Amino acid sequence: MKENTATYVLIALFLLSGFIIKNPFILNMVSIAALAVIVVMGLNLLLGYAGQVSLGHAGFVGLGAYISSILAIRFNINPWLSILIASLLTSVFALIIGYPTLKLKGHYLAMATLAIGEIIYIFANNLVDLTGGHQGLTGMPMLSVGSFVFDSEKKFFFFVWIVVFFFAFISFRIVNSHFGRALKAIHEKELAALSFGVNVHLYKVVIFSLSAFYAAFAGGLYAFYLGFISPSSFDLLKSIDYIVMAFVGGIDSIFGSLIITVVLASLPNIMTFLQDYWPIVNGLLLVIAAMFMPKGLGGFIKWKRAIF
Amino acid sequence: MEKGDILKIKNITKHFGGVKAVDGVSFSVRERQIKALVGPNGAGKTTLFNIVTGLYKADSGEIIFKGKNLFLYKPYKLINLGISRTFQNIQLIDALTVKENIALGLHSKIKSNPVSIILGLNKSHERDVLEKVERVCRFLKIEDYLYKYPNQIPFGIKRLVEIARALVSEPELLLLDEPAAGLNEDETELLLKSIFRIWERGISILLIEHDMEFVTNCSHSIVVMDSGKKIAEGLPSEVMNDYRVIKAYMGE
Amino acid sequence: MLGGMLQFYFMSIHVPLVASLFLVSLIVGLLGYIIHFVFIKNTKNPTELSLIILTIGLAMVIRGTAMLIFGKNAHSVGQFLPFESVTIFGLTFSSQYLVVLVGALILAGLLFYVLNLTNFGKVMLAASQNPLACSIFGIDVEMVKSVSFFLSGFLGAVGGSIIAPISFAKYNIGLIMGLKGFSASVVGGFGNNVGAIVGGLIIGISESLSAGYISSSYKDAVTFFIMILVLFIKPSGIFGSKDVERV
């Protein structure tokens, strides 16, 4: 319960920082990080509450970005509506993929999502007529409400952190409901969950699909904010980035993963000279977290708090 | 006799690879009866339990609960029929408080939909849940531990929390898998009393145990299993004699 | 991937072919052993999830290191046989395909022998099915696991080095190749040697056919699509038993 408050306070601090920070580079960076936070919050539900790994979440982000952009460009559909449609389609897609694979042992979903991510990447690269191929896609209209257009870094910054707040709110409501209780049971003691009336398979599928919704929604916002998308933003390495953020931040801690995500999403932009070392750093972070901090930094903080 | 059976296990067989874990076992639990399933380790008791609760599929045989064929139901539906269980190796959820762990037992009774979860319209359900959880905790005298986590409570209490979680849904048949394992004398005494008080409320009980002492003290009827087969069934006093004979025969 | 990269390295410093093939496999095999011995064994809370995460992390470290050492470019690796191409039944193809074919057959035969006909193979199967029972009967399950990690590293490296002249050696080919291997296992059915070969053939042939009839850019997509299709229809694969499914 305390974590809810801490997270909301943190998001509020980010919102307030929008009044202080003038530098558009930083505002842009933290906005992009906020989009990653939305993806990671969705991934958190999957990792932390269903105990499953998705190696294709960047693919879902991409699916959201491409579908919404194409809907808006080709069919002149309102950007908001196209983001919503794209997110719903992506979550239905995840539902279809998750239904057979989530009946199987854990590494099947990891491998199937890895394959899905690759397939999406291949299509984004090769359906040139629709996606612009590796050159990317442009021409999305700007997001607007009435005559208010989100045309500056600052406006989008405020907007995106409000969206983060909204998704965090949904996550907390789910996690603290009886549904969340059942998910925690699934993660730890699947057979016990089954014996007490939890439809384990259905719940896993639902949470996977929901996490794909989060990812696709962030992808849609990303597309309309930048006005440009290309396949390289949605490749396997990005999927692994999201896993690092979620896992190191703490798979059942929204607060922890929020901090870690903002840090890890921003660092590569600040320390560009380290570019070639990021895969190794990411890998090491995962190794250390998996070996010594199974609950990630968030869990580590909670554990410290329990001692003192 | 036929009429009063709440659970009928008919000719159940289960293989694991080449090993017959359960081999043509049949017996019944009558209404308001405490029935014990005893036997050495590896006799197939827990396997049989897992078949009754749908976690394993039997190769052949039938299980009838109140006239319904249990094999037609998904494992997570069984609790709605009125069957509930505990586990030999404690299966409490470490991330949940005792209260939430017990509330898990009521999961299937909570009717809700995604919209009401997100809008937070489940408050009244949760009040109901809390009330029932508190009631069952008072019944088992563990109300002091409601807001503790499983790793903060003694082992004996964990066993009782497991029982509370199984009991909170008000089942008609309670399956207890080695409820006394790892308990000290006082805790065993307390457990015995609790089992009788549960029985007094009209609940039928099927329990696994390998402590014969405990079983003869608390059950109305005993089934003995060894190497997957039922080798004896009857009143505790009868079976005790048989059991000694068998034990002597097997040279234990 | 490492197999191919190391093969490239050893051949570039003029280590003889057979020696380098052996060295490469040994090194990667040892790496597999070390991964189990140092990392997996010492994981505090070895759940399915944390082990998957751990191996992803290690893969990233290895891949990142390979990229730093060998660079981002694809390296060509010389063919193993002295002649460029062979002609059989009027079909002309690179001689390396012959090496791959023969190599795969030898490895499959060896693996079949070790797993099914030697005592150690039986121990390995037993340890995977019931580790507890094995340790009761005095089998060092951890040792068996270490050896199987060595073997899988070893085999992976042999595969990587003999395919390198065809596929080129590049720091990032490993994961996709691994996924193709996994796809083949899924299609054929896990834990079944015939299945692995049939699965591999199905994946390989459909990849070539789709490259020919659809477009070579989509061949990987077709492979993965087939895997997902099999997961839908028969998750245990063509020859598999049912033990992949949860209760």
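So that you can tell them apart, the chains are marked A, B and C in the order they are listed, and the count of residues begins at 1 in each.
The definition used in the following text is that a residue touches a chain if its C-beta (ideal position, glycine included) is under 8 Å from a C-beta of that chain, and two chains touch if they have at least 3 such contacts.
Being a predicted model, the structure only gives us computed values, none of them experimental.
Comparing mean CA positions across the assembly, the chain most remote from subunit C is B. When each chain is reduced to the mean of its CA atoms, the one lying nearest the mean of all protein CA atoms is A. Each chain gets one centre point, the mean of its Cα atoms, and the points for subunit B and subunit C are 46 Å apart. Centre-to-centre separation of subunit A and subunit C, using mean CA positions: 31 Å.
Work out the mean CA point of subunit A and of subunit B, and you get 41 Å between them.
Looking at subunit A, residues 191, 194 sit in touch with two or more other chains. In subunit B, 55, 75 are the positions where the chain touches two or more neighbouring chains simultaneously. Within subunit C, the positions touching two or more other chains are listed as 247.
Residue ranges of subunit A in contact with subunit C, taken from their complex: 47, 51-53, 55, 97, 100-101, 103-108, 110-112, 114-116, 118-119, 122-123, 125-126, 190-191, 194, 236, 240, 243, 247, 251, 276-280, 282-287, 289-292, 294.
Note for the complex: subunit A touches subunit B at residues 170, 173-174, 177-179, 181-182, 184-185, 187-189, 191-200, 252. Subunit C makes touch with subunit A in their complex at residues 39, 42-45, 47-54, 56-65, 67-68, 175-176, 179, 182-183, 186, 215, 217-218, 220-221, 224-225, 227-228, 231-232, 235, 244-247.
Subunit B meets subunit A in the complex at residues 53-55, 74-80, 84-85, 87, 91-96, 100, 103-105, 107-108, 110, 112, 117-120, 122, 125-126, 129, 165, 169.
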